[in-house]
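Below, each structure is written out as structure tokens.
Across the two complexes that follow, chain A remains constant while its partner is chain B and subsequently chain C.
== the complex of A and B ==
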């Protein structure tokens, strides 16, 4: 961290410790946070490593079935990530670099899938292209079977395209338009300009986006479960081992293997890509200058591409709605509310999902700001460890977190299995990095001199925090609240091991209903979920009266 | 009459409802160093960007060597620009940054290397060609940005406040250097700045802009000594703006003080006039053949080479008077401002 931000001139942990001992409240909160981290992050992860014995590890590394699962996982996520990134890049480029009509519409449609669990893509895929799929069976009269790698590839590409688009759009926006203007000024244009400037500047960001999407598709659980068929990947295999074969240690081994690549990605990103980013050395963009670099022909090609992609997304959302509100879509088109009643009104799952996600969002937001304040503004021994632990869960697949938690907390004194608490705990762990990263980004934008000014005018640390920092962070806090809420609502892999018959969640219910063939009810639940997310956004927006716009990316 | 490189004819530009450039006409001769000077928001940068092709004028023509270019995209103009923030490509070495435009033009490798080497030499960047922009100081980055534009051998070199990110000392030396290179190469140059001392010290011609209107075009001396609008008089340097009433037969009055002027004035008409602080002296007694205004000294500042006095006359008008080579004796109390009538510059009729 930056030395000059704190105004302290002490260095070395002994000096830092001395400062800390003079501020008991600070010392206490740091200690409490470390204890929480120890109990809820470090302990479960040690536990999950201790449960399997040598024989399990050997079997996972030698048995043919598991080796096949490894290669499936790597292969399927690699191809899906590649296509999702290519689609996302073209889309983001079209939105940021052309004058094509309907940009706003495209932007909104592209983000629609993020408001629903990624498994909805799989659900729609079954309904459209499955054995009795609307298009394959009813329209084309084909007897195809797209379950397996191809189906998984298509479903995951669509499911992870929005994430790729959001990330890459952020990367493109961070490129100073001045650089492209300078290149144009020197005579460069079209493909040459793109190749020598835009693409080169975006490369580190693209690599980051690739890794991010890669982690997500690697750890994806719902789509492989629904459309993967017999094509097993690590996440689904771990689940099958635990729930089908009752082989908990084997499940643990597999989920640990799932962590290895994601941890690797985490380290690459943290210690290599961020240091090699060009974004920080470019000047501030000039207001009012809109970069338009694509010619008319290219613009219409981009338009066609975006239109096709958006049509696919709308078809997915549309088919979910149609299945939810007709008696038997494809055969009987009579309107009905029966499924909606079954899946939403009479079911408690949505309420469970909503309350767990709200609690998670509040917790991670508050925890995130507290952690960020400590790591950015205070010097204390173990600061980098705290920063590392707060970011670590971002690289941990949900199945791993879930499994680690049930292994760690299934006996007294901390018997949490089968409770709402363990669900919230899992969600909170998973979302903590989101809240933390937002708060860090927000805090870094607030100059430390403002806090010093407040202190100089006689305010103590607490007053400064409440009256200066919190109001200035309002926007980034509401963003992290909303994202944590949305992602908790939609998560499947984190909670798959944590739910119980008593405390079931909507995302899980959609998947199991779809898996058992109750497609209309699954669709109705998905519709209910999307509506719940939209409504909650609306309410949060009204309460906070902020200007954040989730579609404004 | 020298050859005209660039002509702007009847340029108008709107940003939404804002009329940011109003009927601008201007011509720039070959080898001329022209400065667009004005406060922020005056339209100087907008005008420059229109020449570069980043904006298209809503009305009017831009002619480069007699050819209309306002529809030609930026990459087809050869109007290399030095950006305020330099806009160096962070992923390219100094060499590659400078060579970028030549590579676009598909310049043969040997010629390209020669040109880049010459530019490196000229900008005193030799030995730095392998470094990256983030390994350079602000001053060095600025040199690379200039070199990158110079190798293009532009029809018009455009400079957008290129010195504003340098510290004061460096700014002054770079100023001299830039002007020297420009004169040696005979480059037609447009320089945008809000810093009047940069404009006065470097330019062949200064274009003073405010609110999208050209207030005056002229040499440094012309805009300093013969401002055409009160804004120009006030914006360039420090001045005392007076309102004088014409009394016919080559005389104006300030209150009941008569000031003879060389231009013709109409009786009863109110004129804006300007007199520079350094043209005025303070004296305890009236001096023969000079204009005198009795004043009271309200405040003073010792600035080393001069003392700046803030005085007020009987009409309640405050004046600024600079006394050079002041020695240790400071004036106080009631005195006269004393100046030759010829130093009073009549700007024009006051609109009332």
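== the complex of A and C ==
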């Protein structure tokens, strides 16, 4: 738990520049990254910022309805993030610190909410727990109404707890058991041990997860759209300003408002969390140490918690399956493959989604780790700017990214609209922050002394990166790959404006089908999507074996 | 600025050239069936109505002319936003479907271009743009729909009459059981409030809408959602287009629909996007949409009423001339007053 400086000494940007010049490959990669950021983040951003004029800004700042929307957004994402983090933490702790039965099963189920498109899960959620919900109305005879802040809270908690879980799980995994064992030897037990050692060590990771989930939920689109009812948030309002009120400038202004919380988050991160680093991977041997596990009572409590949560998830997914494989859900439960044939077998969209998502996942993982290595371990002018730019896209509503991209890349020389490239670009921008954040969190846990040792032995930055950093970041890399792939498969708002007749995607098709009342085909496509994701992970796992963690996050 | 002027000049030149070629036998070659031969040509469409309708129209058009048709379905607002963003280098030739106020907006913003179709006389003059920027293909009509099962089980035994008129919607027993589209976000919602204001007159209209607003449980961003949620029994009454209600009904969740007196309506038009890649095939497609044959496909797949009076109405529905529509409905005025009326509607 040593607080220390990493990398080279600070001596102003001139000194940093000198160091850079000594390593031309490093200089080149930094320059290339800045150019890419300039072209694909800053340029589209400026392009869309030029759309609104002063009058739009004034109206957005003074109109009561927009202020209300702004406060709704902050409130709903704050409560949902809090519960998602609590759920995610309990889940991650249960998976990493107990010997509860069915662990593997829980781990797989917990990923489902991220894998299934929110359009169908949202509808299934309403059908189970809504006004005429199967559980709430038919079984329990309750008068519930999910439309509004409460339903949104529940839906977002379920939707975002997997992200919290995998991020926190990564943090818990990297806590070296020897500290806990030492505490135990000194007499610490149970709650006291948890509170004084484990929780303390996990705090920076928790805060980081909180911020990540927080900005994701700020920009969330699918859930507020489906269960928000008359409760509007910025992401949906920005979208409907564009598509409903035909007011592109106002949509852009509202989207920019979402950047404000992200800026806050960014500074909190920079100036508070970075001061409290807890390095636990020091290169000293820890192998063979067995992690302290929770007692039997605690284990069974954890088991009950995970079981209830997973049951709720499975019910929601179950309804999607029922929709997909019965003639008419609610009226005729005869098994049929007709919808599966229409939505999956005879459709090319899943293949498109798969290709685009695979490329995106690979790109964001590699780019994320490269960026994290540069911003955490290297000192160069513009480091903070790079850090900020890598995080910026997460806060923007997907539709804003999509619109900015078509405004920026519709004409020669960079005419990308109507191609697969622009879809991948949009997805990559959207997922990059998660990949980057995961890599940062992973890197921060690793003591820089090992890299310094490598450097002392004559390795340059790239060799150190490849043979020291990469192997130690297996879990972070796995998380960002798995998560980016799943999210890209069912991202909706980002690609709404990017798909074309030639390159349509499964997620868009699902929304379009549901929108036209073809729920069974939409559900069948969603099932096909989940199967594709699991199959892909299975195959990747078979190929890479121990080089990647997929279901054991 | 200079660039735009140049582009306009090139465009004008191309147009004159195209017009000159009109009489040329090679470009306007007819096949045996009297159709144009457009083999090898490509047509790209943004479609803002049901996918299966568009697919059938595209297939038939391909069969007749040989042109390859590809399309993607985009809700009205998304299509408009996309066409706006792509205006300097459009990626589609045709915008098919959506609401006529949106097509009127596209015309006003210079996103679409005029075309005098030789088939224009096949549809009623009031259902096409006077300058030829857009042509109506079929009509969507507002309706009050209620969930039959829920009404029979929960309301009928209490001696409550089924909701069939606008006034019925104000009854206290229906409070919190009505779901309607949001006029700020959905063309259906806007059609409703604008037609009420125009048919009842400002004063009575506002009085009615204020009372109705208190009765409505949820305003949805999508025009279709009310039918779907009413079908599922979440709400008793849906206030949206009859074709959406009939679609849900046909899938087994029975909704009883009534076109009320002075019902609002909108058109689903077709427009040619300005600077589209291939004008000839786009124009041929517009011609095709106005024919009786296309009208029959539209009616069969949408339950809407065709703008071509030769096409029979959907089963169980009266012909256009007998529907209790608010004939004087002024869509352009509805579009102009949109912001003002929506603000007033949602103000406390």
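To be clear about the criterion, the second predicted complex is superposed on the first by the 333 of 553 C-alpha atoms of A that agree within 3 Å, B and C clash if a C-alpha of one lies under 4 Å from a C-alpha of the other, contacts with A are read in each partner's own complex, and residues count from 1 in each chain.
Definition applied: a residue touches a chain if its C-beta (ideal position, glycine included) is under 8 Å from a C-beta of that chain, and two chains touch if they have at least 3 such contacts.
If you're wondering where the values come from, they're calculated on a predicted model, not measured in any experiment.
Looking at the shared chain after the overlay, A:244 reaches chain C, while chain B stays out of its contact range.
Once chain A of one complex is fitted onto chain A of the other, the partner contacts of A:461 are absent, as it touches neither chain B nor chain C. When both complexes are overlaid on chain A, the residue A:517 reaches chain C alone and has no touch with chain B. Applying the stated contact rule after C-alpha superposition, one finds that A:475 touches neither chain B nor chain C.
In the superposition on chain A, A:184 contacts chain B only, with no contact to chain C. Taking chain B and chain C in turn and counting the residues of chain A each one touches, the greater count comes from C.
Contact residues of chain A toward chain C in the complex are 65, 126-127, 130-132, 147, 225, 229-230, 236, 240, 242-246, 248, 328, 330-332, 403, 406-407, 410-412, 415, 417-418, 496-497, 499-502, 504, 512-513, 515-517.
On chain B, the positions that touch chain A within their shared complex are 15, 49, 52-54, 73-76, 78-81, 83-91, 100-101, 104-105, 133-134, 148, 152. Residues of chain A touching chain B in their complex: 176, 178-179, 181-189, 192-193, 196-197, 200-201, 278, 281-284, 288-289. Every residue of chain C that touches chain A in the complex is listed here, in rising order: 44-45, 50-51, 70-73, 75-78, 80-82, 84-86, 88-89, 91-92, 102, 105, 182, 184-186, 217-219, 221-222, 224, 227-228, 232-235, 244, 247-248, 251-253, 338-339, 342, 346.
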